[in-house]
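Two complexes come next, and they have one chain in common, chain A, joined by chain B in the first and chain C in the second.
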Partner chain A sequence: MATVWRSQCAFARFFVGKTGRILNNAADLGIKLTPESISVSTTRSYSNYSHSPLVKKIKEQYDFEIEKNPPEWAYVERLLPLEIIPPVQPKETYPSGWIPPKEEAKDLPYFMPRTKNHELPIYLVITHKGQRKVSMLRKIEGDIWLMNDLIKEHLQKNFNRYIETRVHELGRFIEVKGDFVNSLREWAYSKGF
Partner chain B sequence: MGSRQITEKSLAMLRSLPRLSLGNIRDNPGSRKNIKRGRGQHGGDKHGAGNKGSGQRQNYMRLGYETGNNPFYLRMPHEHYYKGHHHRRQYPPISLLEIQKLIDTNRLDITKPIDIASIVRSGLYNFFPDQKHFGIHLTDEGMDIFSAKVNIEVQWASEQVIAAIEKNGGVITTAYYDPHSLILLKNPKSFFQTGQAIPRRMIPPPDVIEYYTSAEMRGYLADPEKISEERLRLSQKYGYQLPILESDKNYNMLCERKDPRQIFYGLEPGWVINLRDKCILKPKDEELLQFYAS
Partner chain C sequence: MSFSLINAIRKLNISTVSQIRLISSGSTDVSNINSHSNSDLNVTQKEWKFPPQFTKPREVWIENLDSIDEKKLGLFELHPLVYAVLPRIDIIHRNVIWQRKFRWVSWAHTKTRAEVHGGGRKPWPQKGLGRARHGSIRSPLWRGGGIVHGPRSGKTHFFMLPFHLRIHGLTSTLSAKFAQDDLHVVRNLELPTEDPEYLAELIEKRNWGPSVLIVDDNDYAPRNITVATENLPHVNIIPFYGLNVYSMLKHDTLIITQTAAERIEEKILQHLHSNTMPQQAKFKLNQV
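The block that comes next holds the complex of A and B.
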């Protein structure tokens, strides 16, 4: 850093007392120069375009009517991006199949909150060019081992075969070997998550 | 000395040290590469370029060239239906199911007309006008469960999608936007911040004029009377009772349409939006008014 500043100061040394020469370059010992303060003297003959004075103000060519807080501002506000993801207002029915989380799920010894987009954090992770499919349950709070046992039991009952799972207590996720996302979602909805 | 004392001492040491800043950190190991070409044991000999050939001489063969073989890309006869694929318009799809989900989770407001700007605003749909994307293709997935009354404007829709929306008492319009207008619709805020006047929407290119003027496809350039005839015809074809628009309490909202030259609802071309001062600059000059009206 020090070397950079020294070199800039060395550059500015040439302009001490000749601020008129510095046009848009504001690296002059910390003083911010406005175009007015460094305007070129009018006695100069303009043999070169760089000696001519700066353009001060562009004349507005067209006439505009300026309306403060017009009634059309509602249309502008409609276009501005959402500040936050809107919370879901409770409705009678959700035709799309989206299910709201239930209150009673909070009493269970384990818990899985919704994501910021109000969805369940259950994903299918596909690796090795589609050869390895793992269903992943994320963001688990509370007794993850109990939840793991229940999931295993539920899947074993539904699919009638041994289900392999892996629990990461610190990362708060359970991995289930195979694609069981739909079944796991159903289970999570039944628990009220 | 116990471990507690060590901790205390090291913490005290840490406190007396200068704060971590850009001025006293070192680069990550391996982040800076020596640009010198080493000699001898310091990476000399071939300098990592391999033995002979393209690697050393940088005369890489053109793509697809197989050193004299009949190249793979010329081996089979050409497939003419791909001709000009890089010039074709694309319409990234969104399904009725997804639209219904956006409505259920309060991402879309059905009390106002829905267009591509409001769908992009929900944050769960994106498109890229610079990659020949020309807007939304509304697909029929979830048309049986769709049950919202909406005034929606998309760029491409099929007959059954139109039927699914009109069955619920909604209105659908297919409208064309040129890429420049789509850039504005994708991110209106950044456009308003540039302080430019809202431009006009361009008319569709010749090959889609037919689509956007046809009443069957609910084109925005079609005759409204023909559209109402087609609405009735479609309801008879698919066998549902067409809800009467005129007796609806949201009649005004359902009838809201954009002008063929208009990009945003309620904002006319030529206006300048000042977000900071919350004011709108409307041109008064006759020349400008004529330009934006044409």
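The block that comes next holds the complex of A and C.
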């Protein structure tokens, strides 16, 4: 039956539309289609999808050669994530208002380095649902007690009242009771940190 | 921490003794150092990628392992952000707890009343005997009955310590070891013999603690030192990427090769100066 089909009206299944061309779904033509009736004829029985002759390995379509360090590599490097946060490029002015640290700050007996993002490590810590505000100066090196005295003096002058501070010598930070972050930043910039 | 405290006290005693010795034989020591400086004492000025700002870099002698008597081969600088931070004992403690816990799976197990054998039948009628009412002899009230809320096996205690606490733990421990004179830098790990007695004598002579952790920058240590340390259970070698707080506290003295000291410093400084958001993100199981 199958041989008759194939020899006499091999393209009959193209007339009946799409169903005739689908493998094993040609019941309306009274014959079961096998892979070989559609494509090349082989005598293997296919138990596996990848053994089907319809499934072919796609050839590499593009020829390429490997090149080390071409001039275009700079454009790729531009897209790669940064290994480290880049150091500051010295400029005349900084339009963002960022203030660079000064060299002479390193001669003081106390020191506060910038964070890795080149910002001052002075923060406002809000706790108790906003009821308690504490300004925190972190990463202090050197004479922390002297720095504490100077901060107190500065705040006393600016706000005309006594302001409580707390020094944590081991943790290298000073806490100032109240929100004095802007004033403390001004003081730190004036010292060159 | 009791380890390091005892160690510190012990080191204090030893240092006073050595000072006395120095005073008594000061002239010879000085001449020794001079003779070395004449021959091959090299003082290297380091090219800092992240120059130390306020705290000065720590200077350390480069020592040798190829003779039992200590020779100073050179002077070396260590970055203060890695080797001279103020040691936070609480962070060191949290690291130790983490290292003990994250690999701990508790296999303690108890059976519930459903799992204890038997107990399906009502032991005696509900009424008429004058006894307490019971439905099963494996009820938790009974001797030999099931356990309520007991440990169930396969309980993991895994968690990850936040990334910067792990970094800070390493720097704290390295700094504490360095401040207590328990960190020594050597040029390389070449030994003249593979005899373990040589190494034991060297450790004894130089007042290195009974237990010694040797850190190299390489997975492959030289043959002599691997053979010598094989039967010394208290002398261990690890590569620099295996350095951890627990092992550093477990051993009294830390011996680091010069290249390993540089690699540790480089890696930690890179983490301290880069964007660490990927490392700080929530730990996912598929990232192992």
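Please note the rule applied: the second predicted complex is superposed on the first by the 118 of 193 C-alpha atoms of A that agree within 3 Å, B and C clash if a C-alpha of one lies under 4 Å from a C-alpha of the other, contacts with A are read in each partner's own complex, and residues count from 1 in each chain.
As a convention for this text, a contact is a pair of C-beta atoms (placed from the backbone, for glycine too) under 8 Å apart; a residue touches a chain by one contact, two chains touch by 3 or more.
In this text, all values refer to a predicted model and were calculated from it rather than measured experimentally.
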Exercise. For A:82, is the partner it touches chain B (first), chain C (second), both, or none of the two (neither)?
Worked result: both
Exercise. Can A:116 be said to touch chain B (first), chain C (second), both, or neither?
Worked result: second
Problem set entry | Partner chain in contact with A:64 - chain B first, chain C second, else both or neither | first
For this session: Please name the chain, chain B or chain C, that touches the greater number of residues in chain A.
Result: B
For this session: Determine, under the contact definition given at the top, whether A:170 touches first (chain B), second (chain C), both, or neither.
Result: second
Problem set entry | Touching partner for A:54 - first (chain B), second (chain C), both, neither | neither
Problem set entry | Which of chain B and chain C A:141 touches, first, second, both or neither | second
Problem set entry | Touched partner set for A:125, first chain B, second chain C, both or neither | neither
Seminar exercise, completed: chain A contact set shared between chain B and chain C covers 81-82, 85
For this session: Write out the stretch or stretches of chain A touching chain C in their complex.
Result: 81-85, 106, 111, 113, 116, 141-142, 170-172
Seminar exercise, completed: Seen from chain C, its contact residues with chain A in the complex are 53-55, 86, 88, 270, 272-275
Problem set entry | chain B partner contacts - residues on chain A that touch it in the complex | 1, 62-70, 72-76, 78-82, 85-89, 91, 94-98, 117-118
Seminar exercise, completed: Listed in rising order, the residues of chain B that touch chain A in the complex are 22-23, 97, 100-101, 103-107, 112, 117-118, 121-124, 142, 145-148, 187-189, 192, 264-267, 272-273, 275, 277-285, 287-288
